[in-house]
Every structure is written in C-alpha cells, then in structure tokens.
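Consider the two complexes below, in which chain A is the common component and chain B and chain C are the respective partners.
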Partner chain A sequence: MTAVITGVGAVSAFGVGARALFDGLAEGRSGISRIRSFDASTFPTHVAGEVPVPHVETGWLGDALGNPAIADELGAAGALRDRKIAWGLIAAREAWTHARCDEGERNAALVLALGLEQALLEDFSGIYEPGRIAWEREHGEGVRFRTPVDLTARAVHTLLGLHGPTTVNASACAAGALAVAHAASLIERGAEDIVVCGAADSMINPLGLGGMCRLGAPSPRDELDACRPFDRRRDGLVIGEGAAVFVVEHETRARARGARVLARVVGWGSTQDGYRATAPRPDGAAARVAMERAIARAARAGVAATSIGYINAHGTGTPLNDPAECRAIHGAFGAHAVHVAVSSIKGAVGHLMAAAGALELAASLLAFERDVLPGTANHQERDPECDVDVIGETPRAARVDALLSSSFGFGGQNASVVLGRPA
Partner chain B sequence: MTRVAITDVAARGPYRAGTAPAEEPLASQRARKMMSGAAYLAACALAELVGKLAPSAAERAELGYFLGVGGSAGALDDVTALLDASFVDGAFSLPRFGDRGLAACNPLLAFQLMNNFTMCHGAILESLGGPNGALFSRGAGTIAALGEAHHAVRSGACARAIAGGADVATHPVTLAELARDGHLGRGLVPADGAALVALAASTGRDDVVLDGCAHASGRGRALVEALNDAFARALRAATSSSADTRDAAPTWAREDLDSVGHIALSAWGPPAAEALRAYAAARFPFATLVDVSTRGETLAGGTAFALIAAVELLRSPSLEVVRSARPARAVVLSLGVDGDPGVILLSRGGAA
Partner chain C sequence: MTATRTAALIASAWRTPLGATVDAAMARLYAGERAAIADDRAAYAFETIAPLRDEPARSRNARFLRRMGLFALEVATEALAASGVGGGERVGLFSGVGGLRAHWDDMLAAFAPQRDDGERMWERGLRDVHPYWMLRHLSNNVHAIASAELDVRGEGATFGGGNAGAQALAAAIRALHDGAIDAALVVAHDSLLEPETLVELGARGWPAAGLVPGEAAAAVVLVREREGAPRLTAHDAAGPGAVDRLASMVGGHAVAAEDPHARDEAAVVDRVAHRELATAMGQVGAATAVVQAIALAEQLRARRLDTRAAIGLHESAPGLASLVHVEVLA
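== the complex of A and B ==
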C-alpha cells in the first residue's frame, strides 16, 4: 500500500500558504528579514526567517482559520504567545482543504512534529527572587511558564474535528521528516488509512533564539545573507519558523475518492550518529545509512536510486554539517551522486528546527508541481569539500521522477525521505 | 513468522520527590552536565539494558531506540542564573536578557531543554545507530514509541530495538502545571523514572511476545468508547501485514480478549486509575490486576513501567503456560494526562 500526499499547507518566511512558498522559491527570492516579532536589539543576531506576521492577533488567526472560536480560546489562554501554534493550525487547515477532505476523512490519525515548549520568561516575574525561584508561592491562573509541547497538535485535532490518535514527534531537527515517514509507515503497514502529518516550530522567541546563539549555531554575521549553504564562506545558520502539513493516505483510497496525488512517499530511513551532542559525525556515516535505508525502501517500491534526480539537503550552512552531508551523499549514491542536483532552502527561509524537514518536503513538491528545483540562496562559491552538484541562487528547470530530502537533528538523529512523482 | 519478543527490561524509579538514590556514575561525567534529569535516568536504564544485550559494535550501529519523552526540564541552577541576570526591579527585562542573561547560563542549556536529548544523550553514550524516534508523551506517546520499535523489528529494519519512556514529574515547572490543572488536587503523586524494554524476534515458546499496541484519541469521548477504539487499533496492529513485514499471520483475534489473564495499568491519578480499574473489572473479570500508578506518576514513563509489570506477570514461575496449547495473555492499559488511552497486547507460550 503506497502512501501518497494529497494535500499540502505551508507557512514560511515567504508568507502564509504553500503557494507563497512555491512562488518565493521558484523566483529565487529570500524571505530572511530583520526580526520584528520581539525586540532582539541586544541579542547576538537580529535576522531570521520570520513569518511576515509580526504579531499573531486573535482576530487575524480566526479569519485565517475560518474558525474564530478556536482562535479566541487559544488567545484567551495566552497560547498565541507561542507562534508555532498559529503556523501549525494554518498549515493544517490549508492541507485539509487542499486535499478536499471532508467527513469521510475525520477518522484520520495526526502525526505532528513539534519543537520544544516556548519558555514564557516573563511569567517568572511573580515568583522570582534574587538567587532563587519561589516555587512555593501560589501560581496565578494566567501563569504558564511554558506552552505545552503538544498544544499545537491538540488544537489541530480540534480544528479539523479528527477522531484518530495523535502522535507528537519531538526529534528536534529530524522530527518533521520523521513525522512524514511515520505517517507513511502507518499507512503502508495497514495501521491507518489516512494521516494528517507534518510539523510546526518557531524558535524566534527570546529563549529559543538566545539558546541557539549561546550554542554558537547561528552565523555571527548579522546580515540577510548570513546563511550560505555549501559555500566556502559559510559560517552558520539562520533561525526560521513556520509549518508544513500534509494529508497522506494510501493510493487506492486517494484514487477512489478522486483526490489529486501530489507525490508518492516511497522511501524513508532513520539512524542515529551516536557520536557527540555538539557535533555531527564528520564522515557522515550515519547520515549516509539513513539515505541508504530510504533509497533501499524506495527501490522495493519500484523507484530506483538512479531515478532520484534531486536532493533537498539539510544544508544548514554550518561549517560541520555541509561537508559531512556531501560525504554522505557520495557514500549513499555512489557513481550516481554526480548526476543528482542538490540544494538547500535554509538560506532563503532559515532553519525551522522541528519543522525543517516538513517544510523542505513541501518545498520539494515544487519539483513535481512546476518542474523547478529550488535554488540555494546566498550560495556563490562552492566549498571544494562540498563536492556535489549544488544548485546556486537561481532555481533550475528540470524534470525529476524522484527526490530525496534529508534532515539531521541536534543530538544526532538523521532522517531521509524519498518522494516519487505521481503516476 | 516473525513475532517480536520482549527479551530484557531495565528501569530507574519511579522516584517520588526526595526518594531518588545517589546518582550513578555515567560513562561521561561531562555529558551529565548537559543532561536533564529525565535524560540522566534514561541513560542509566539504557546503560543497564545495553549491558544485558552485550551488542557488538556492529550491532550497536543497528540497534533501534524509540523513547517516549516528556517536556523540557532544564537544571534550575541555570534557569535561576539566567533570571538573576535578566530581572530589573523585579520584572523580566528582555533587553537585559539578550545582553546579560544569555551569558549567565550554561552555553549548552539548549541541550538540557531539547526534548529529544532525553533519548539522544544515552544513545550517544552507548553509540547506538539504528532507527529511532523521540515521541512526546503524557502516556500515549510511549505507546507510539513502542509501536514504532515493534514495527522496526517486525519489518526487519533492525534486528533489535529498545523502547520505553522517561520523564521527571517532580520538576518544579511540571509540578506547577500539574497543580494548576488540578491533577495534584485529585491525588496524583508525581515521580521521576525511566523504563525500557528490549525487543527482538521471538525464538521460542517461552518468550514474552509483544503482539501489538495502539493508542486512541480520548477527546470528546467516553472512556469506554476511547478504550474500545484503542483495543480495535491494537488488534489491527497485531494482525496487519505490510510489504516489508515478513508475516501476515494474526497473533490475536478479538475473541482472544476473553482469555486475558493479567492486566497492568498506568493512569494519571486516582480518578483515572479508578476508571481504568472499573473498565478492566468489567471487561476482564477473571484477570489479575497490577496498578503501577500507586508507585507514582512518571508521565512519559508510566506506560513503560506498566509494561514491565505485565512482562513480570507473564514471566512468573507459577505460570504454567508453556505446556499449554493456549498462550497466556496480558494487556497493558494506559491513560495519560492528556486523556488518550493506550493498549498493549502481550502473550507467552501457546503455539510456536
């Protein structure tokens, strides 16, 4: 039972909607901007792939969802301080509508990848004392300290009126790809007929951005072209935010209800580096195995490795990731590696962390929808250590029958997914 | 026919507030500084379990690991230092946080906060490289982790996999949430813990076999309806086939529920536990019952502790099942803080 994608929704630095993402990438633009959602003036970096909605207002979200009640409820609970909740809801609504889902689809399961909670540092004001936190004090009703990890998933479940089970993947930057793989696996093994899956994340908040800066992950250059994947001058990532949600169902079901198939999910694989908390394996060995597992599964589904013509890379633009990923590509594809076009969209939309893999799979649909492969924003001078066919800043017109998207998480989790062109 | 056996178990806890023993030495004390409490407990249990499995380096590279994980739980010393440097006149100052607060905390604080590190720290220490997933859990997510591990072994994606859950319900922020949502008032006793099981292809009739598991949505439903849905999904998981699953032979049929001899349950607090016990008494009137909730609620860990209890029941020396044609059967019932129920189907003995 092959799993197919029949609906997609996206929210990114290009704006709300999958079409905004496709248009932005097809035109070779960048969505990176100065941070407007909070005062980051004293932070080490001031740029991000921020969704161009500085503040999520209840009324705006209600209109975007066509459901003021759920927006009001979330707004009243203070939950909209966590931006990923809005992005996840909007993307889910778009995917559901795009797939023309209705009452017959409400038994769908939900598999959503979500980033960590947003710490609401201002909520500590009521119990903070110099040198200690007075937990023994009564906590007010409006005090949250953090948003629940699964709040977005629960809100999506309610918004779409789903009856199926909810699963939240918390596998950091690999989570989005793993959520889609999980959904495809549930369908393929007959556990579910239809799954709403994807990811939402935003670390464009004080502790999220600050924590990443403290790790030294973002580029130290405070410029709009700060993230330069596979470029000789690359020096770090740019944080992004957004969501991508898909409707995945088995092909027979999709055809029977007349749904348009956007892609077939034919392969997936995951591994762990088991190496270090702070760095990927330099040889890319575990990432390579994740790709190999995805390629092997695709081959069993009738999609040969040689039909994979495009790789949407993890491509963070960090000194360590990009060459390791290129080694993994060579290891996994062998002689075919030189025939595969590679790009990373992180220079254009930022690193969406838990949502990165899902948004990059959504972006990859551009290859099937418009026969265009996304470019690599800010990539001008290829690093000799990144010896693959990197698509530069200009998108490339090409028809490919299959593609692979990889995501590698902090902590060493690796995931690869292969999509096939619909028959 | 590939049936998936639970070959070994390991656990730390449940530890109620103030009852945890002195910390065990880890392979890397430097790594300990980056760990949340849950990551530490998971790493300890994982080290014990991997020690029992004694895998070669090549086997470690293929060993799967799927873990139900809870919320972030950074060390309070770091949070306090961060706030100390960020407050001005009793109020949090965003400019001050960016300017000084960040510099005051551990540079690797993010690695304490990221939920997946509850799994990854241990995986790094043990050099695990197989298929994996960190699934957020208030109970049901741990069932999903177990289901992924079960399928990974059953489909041949890996020869062995480890699955379970780990969480620290005594973390102050979690306690505040549990209090605010009324759980502490209703008698929930928070605890910390990690519980893991090792899975591999069954090799004999004496194995405790994980036949299937599933969770269901509890939202807007009566508990019985939600549990019935979870049972239906678990039976489907036990009987479903797939292109890369090496068997399609059903291991459970609906009528087999009538021969369940053992129930282990995990539920968030006395009201939920009472509801599950009532369900179990009505549905499985002749089954023995173990309620691990009484030992303390470990959130993402709770279901895994109940699973271990069920495995121990099935392994009981007094259980004369091996010579019988009918297998002994056990069910784990889970009801997490999110209200989503889960079901795990286990058996031992019977036809080979």
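== the complex of A and C ==
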C-alpha cells in the first residue's frame, strides 16, 4: 500500500504559503533577515529565518484560518505569543484545502512534530522574588508559563474537525521527517487511510535564541549569510521558524476521490547515533544506516537507489554535521553518490529545529512540481571534507524520479525519507 | 483497522511513588496502600501529591538531564540489563515525555533583573544562563543520552504529551513487526509535580476532582516473540468518545464516569479486573501507559487477576485517551 502526498502547506521565512516557499527557492533567494518579532539588538546574533509577520495578531490569524473563533480562543489564552502555534495551524489549513479534503477526510489521523514548549521570559518578572518564583501568585486563567507540548496538535485537530488519533513527535530536529515517516507507515500497514502530518516550530524568541546562543550553535557572524552549508568557511547555523504540513493518504483512496498526487512516500528509516549528546558521530555511520533503510524500503516499493537524483541534506552549516553527513551519503549510495545532487535550504530559511525535516520535504516537492532542485544559499567554496555534488547558490534545473531528505536531531536521532515522483 | 499486533514484554523497571522497584511497588499495591502524601510546602493547590521518595543516583549525565530524566535513564538501563538484550543497530529506542516541566529554578539568575517590557533581556541576565540549560530541557535528551549510554542504535522516536507513553509503545510494536528491529527499549517519564504544573492543574479543577498528581519513570523491553512472556499492545485515540472507541477495540465497553479523568479507574472491559493504579500511585502523565503495562503484566503473571487479559485506559486530557492491553497466554 503506497502512501502519497496530496496536499502541502508551508510557512517559512519566505512567507505564508507553500507557493512562497517554492518561489523563493526556485528564484535562489534567501529569507534570512534581521529579527523583528522582538528586540534582539543585545543578543549575540540578530539574524534568523523569521516568518515575515512580526506579531501574530488574533484578527490576522482568524482571517488566515477562516476561523476567528479558534484564533480568539488561543489569543485570549495568551498562546499566540508562541509563534509555532500560528504557523502550524496555517500550514495545516493550507494542506487540507490544497488536498481538497472535506467531510469524507475528517477521520484522518494527525501526526505532528513540535519543538519545545514555549515560555516567555518577561512573564516571570511579575512573580519573581529574590531566590524563588512565587508560583502561588499566578492562578486561574492567567496561567501561561508555557504552552503544553501538544497544544498545537490539539488546535489543529479542532481546526480541521478531525476524528482520528493524534500523535505528537518530539524527536528534536529529526521530528518533522519522523512525523511524515510515521504517517506513511500507518498507511502502509493499513492502520489508517489518511493522515495529516507535519511539523511546526519557532525558537525565535528570547529564551529560544538566548539558549541557542549560550549553547554556541548559531554562527558567531551576525550576517545575513551566517549559515553556509558545506562551505569551507561554515561556522554555525542560523535559527529559523515555520511549519510544513502534508495530507498523506493511501494512493488508491487518493485516486478514487480525484486528488492530485504530489509525491509518493516510498521509503523511510531511522537510527540513533549512540555516540554523544553534543556531537554527531563523525563517521556518519548511524546516519548512513538510516539512509540505507530508507533506500531499501524504497527499493521494495519499486524505486531503485539509482533513480534517486537529489538529496535534500540536513546540512546545518556547522563544522561537525556537514562532513559527517557527506560520509554517510557516500556510504549509503556507494558509486552512485557522485551522481546525486545535494543541497541544503538552511542557508535560505534557517534551521527550523523540530520543523526542519517537514519544511525540507515540502521544499523537495519543488523537484517534482517544477523540475527545479533548490540551491544552497551562501555556499561558495566547497569544503573538501564535503565531497559530494553540492548545488551552489543557484537552483539547478533537473528532472529526478526520486529524492531523499535527511534530518538529524540532537544526540544523534537520524531520519531519512525517500519520495518518488508521482506516476 | 487491521488485526492488532502485539509484542512480548520481556523486562521492565520503574520508579513510581509506590516504590522504586517493581516488586516493592506491587507489594504495596497488593496491600492496598496509596502513595499520596500531604505536603504543604510543595503541593500548592493540592492537599496531597504522590512524589517519588528517593533521588536519582549520582550521574555524570546530570549535566544534560534533570531529576526525572535521570530516573528515566536509570530505568532504561535496568530494563535493558534485565532483558539480556545488548545494544546495536537492531535494538530500537522509543521514548515518551510529558512535556518541558521546565525547572525554572535554573533560570533564577536570569529572572531577577528582567522587566515586564522585556527590554534588553540578554543583558539583564539571559547571557548568564548555563550553556547546557537548553540541552537539559530538550524534549529528546533522555532519548539521546540513553542511546549513547546503552549503545542502542536502531529505529526510534520520541513522543510528547499526555499519551506519549502509549504512542512510544505502539511505535515500538510497529517497528518490531515491520522487521526494522529485533528488540525495542521503551522508556517514558513524567512529573506533574513541578510548581507551574501544579498551579495549572489547580486552575483546571483537579483538586476538586480528587485527582492526585504524581510522577514516574518506567521502561520495558519488547521483542516480537518470547514463549511465556506477557503480550502487549497499545493504542491511542483523540476526539469525542475516544475512551469508548478504544475500549471497543478490545471488545469491551467503558463504564461511563462523570469525571473524564476518573475513567481510567472506572473503565472496565469484560474479562478484565481492575486494580486502581491511578488511585494508588497518583496521576503519572505520559508515563501512565508504560506503568500500566508493567503493573498489569505483573498482576497477570502472579495470577492476581482471574483473567488472562487486562487493559489499562487513560484519558490524559478531555478527548485524548490511550489504552494498553496485556495478555498472558500460558
């Protein structure tokens, strides 16, 4: 039973909508900008792949969703300051509409990948006492110290009027890819015939940006080209935000209801590094196995490894990730590796953390929709350690029959997904 | 819906408010004891809470894991050791976490100088936060550390939210039957006893409903087949009627209860006896399904139930429910 994608929605640094993402990538632009959603002027970095909506207003979200009631409810609860909630809802609505889902699809399951629960530092100023937090002062409806991890999923479930089970994947930067893999596996096993799946995340807020800066993950260069995947000069990531949501369903079901198939989800695999909390396995061995499992599953679905012509890499632009990923690609693809084009969109949209894998799968659809492979923003001088066919800043016109997208999470959670061109 | 797939439960470990070992906690359960205690200092809106009584062992991983994460790592280590399963690429790891439970005490130094308008937050203390603060609060840090410490490198994922334990169990069983792995380590942990959680639950009316917040970490090791081992399956559902739909999946019915949070205590499926786990241990959030699986397997194995199968139902929030079904064939 083949799972197919029949709808996609996206919110990214290029704006609201999958079309904005496709257009931005196809034109080789970058969405990285100065942070506008809060005053980041004193932070070590001021740049991010920020969705160009500085403040999520209740009325604006209600219009975007065509459902003011949900926006009002979330706004009244103070939840809209956690930006990922809005991005997830908007992307889900777009995917649902794009797939032409209706009453007959409301039995869909929901598999959503989400990042950290969000807390807002300034909320604590009113209840701080020297040496302690006076939690007892805050009670009733005003409690908003964090948004529950599954709040976005519950809101999407309500927005779309779904009846199926809800799963929340919290596998850090691998979560988005794993959510799509999970959906495809449910369909392949016959457990579900339609699943809304994807991811939403935002760490563009004081605690998120501050925590990442203290960790030393972002590039120390406060420039718009801060993230330079596979480049000899790469020195760190740039944070992004957004969401990508898909409608994935059984191919027979999709064709029966006349839905347009955007891609077939033919392979997926996951592994853990079992190495270190703070660094990927340098030899890329576990990432290679995740790719091999995805490739092997695709082969069983009739998609040969040699038909994979494009890899949307995790490609964080960090010193450790990129060469390890290239070693994994060589290990998994063998002699075919030199024939596979590789790019990372993180230089253009930033690292969306839990939503990275989902947005990168959405971006990969560009290959089937327009026969264009996204470029790698800010990549100018390939690192010899990254010995693969990196697509530079300019997107590449090419027709590929299948592609692979990889995502690697904190502590070595690895996920790879293979998409096939629709028949 | 396809035929239900099950897996054999071959090892387990937990830290629950009733006891730190399975034997000790089950003995107290059989004796009808309850873990709830009164604690004026820590209970906030509640009269009683059900905390873990011990502290985790000293660990070099305290750099990356807070208290409940360390407990989770302990039980994962114990369960894997008891199973006789080594690590490697054919052993999967599936984790469930309830949520951030943020340990804001880590941030006190950053809070003191902050202002309501959020001006210059970096300079007003955020720059002094420990570099590992974010790592210690990542959703998958137990998963990452357990993978590294135990050399578990097979398929896996981390699930979040109140049903996360059930989702981790279900994903592990699915991976076993897909042939991606030969064994699965499933670990879930949660604490409802962080101050902000207690305040939130208080605002939601839990104290008036008589619910006792608790905390637990639990781990099981599953394989496809093992003669004589209890067999396990797990499901979750969302939306109106979620509990009833889950109960119907195992051919029974859920007894209606006015308070949805009491349903996991009131739900009974024909063939199944019921041991009031939640009453004895307190509400343990995302760890519930794994705790239920262990407790039911123990009761069936010890012939404390006069049936061969038992279920545990849990409604983590209105419209979000999970079910574990445990069966002993021999």
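We adopt the following convention: the second predicted complex is superposed on the first by the 416 of 423 C-alpha atoms of A that agree within 3 Å, B and C clash if a C-alpha of one lies under 4 Å from a C-alpha of the other, contacts with A are read in each partner's own complex, and residues count from 1 in each chain.
Operating definition for what follows: a contact is a pair of C-beta atoms (placed from the backbone, for glycine too) under 8 Å apart; a residue touches a chain by one contact, two chains touch by 3 or more.
Given the structure is predicted, the values throughout are model-derived calculations rather than measurements.
Taken together in the superposed arrangement on chain A, chain B and chain C clash.
Applying the stated contact rule after C-alpha superposition, one finds that A:1 touches chain B and leaves chain C untouched.
Applying the stated contact rule after C-alpha superposition, one finds that A:305 touches neither chain B nor chain C. When the two complexes are laid over each other on chain A, chain A has residues 38-40, 42-44, 114, 116-117, 119, 121-122, 124-125, 128, 130-133, 135, 139, 141, 143, 145-146, 148-150, 154, 157, 162-172, 175, 178, 182, 185, 189-191, 206-207, 210-216, 269-278, 286, 289, 293, 409-413 in contact with both chain B and chain C. Against chain A, in their complex, chain C makes its touches with residues 1-2, 44-45, 64, 87, 89, 93, 97-100, 102, 104-105, 107-108, 110-112, 114-123, 126-127, 129-135, 137-141, 143-145, 147-148, 150-164, 167, 171, 174, 178, 180, 195-196, 198-200, 202-203, 235-239, 317, 320. If you check the complex, the residues on chain A that touch chain C are 38-40, 42-44, 110, 114-117, 119-122, 124-126, 128, 130-133, 135-136, 138-141, 143, 145-146, 148-150, 153-154, 157, 162-172, 174-175, 178, 182, 185, 189-191, 206-207, 210-216, 269-278, 286, 289, 293, 409-413.
Contacts from chain A toward chain B in the complex involve residues 1, 38-44, 114, 116-117, 119, 121-122, 124-125, 128, 130-133, 135, 139, 141, 143, 145-146, 148-150, 154, 157-158, 162-172, 175, 178, 182, 185, 188-191, 206-207, 210-216, 269-278, 286, 289, 293, 297, 300-301, 409-413.
Residues 31, 34, 60-61, 65, 69, 71-72, 76, 79-80, 83-84, 86-87, 90-92, 94-99, 101-103, 105, 107-111, 113-117, 119-121, 123-124, 126-138, 140-141, 144, 147-148, 151, 155, 157, 172-173, 175-177, 179-180, 214-217, 219, 233, 236-237, 240-245, 338, 340 of chain B are the ones touching chain A in the complex.
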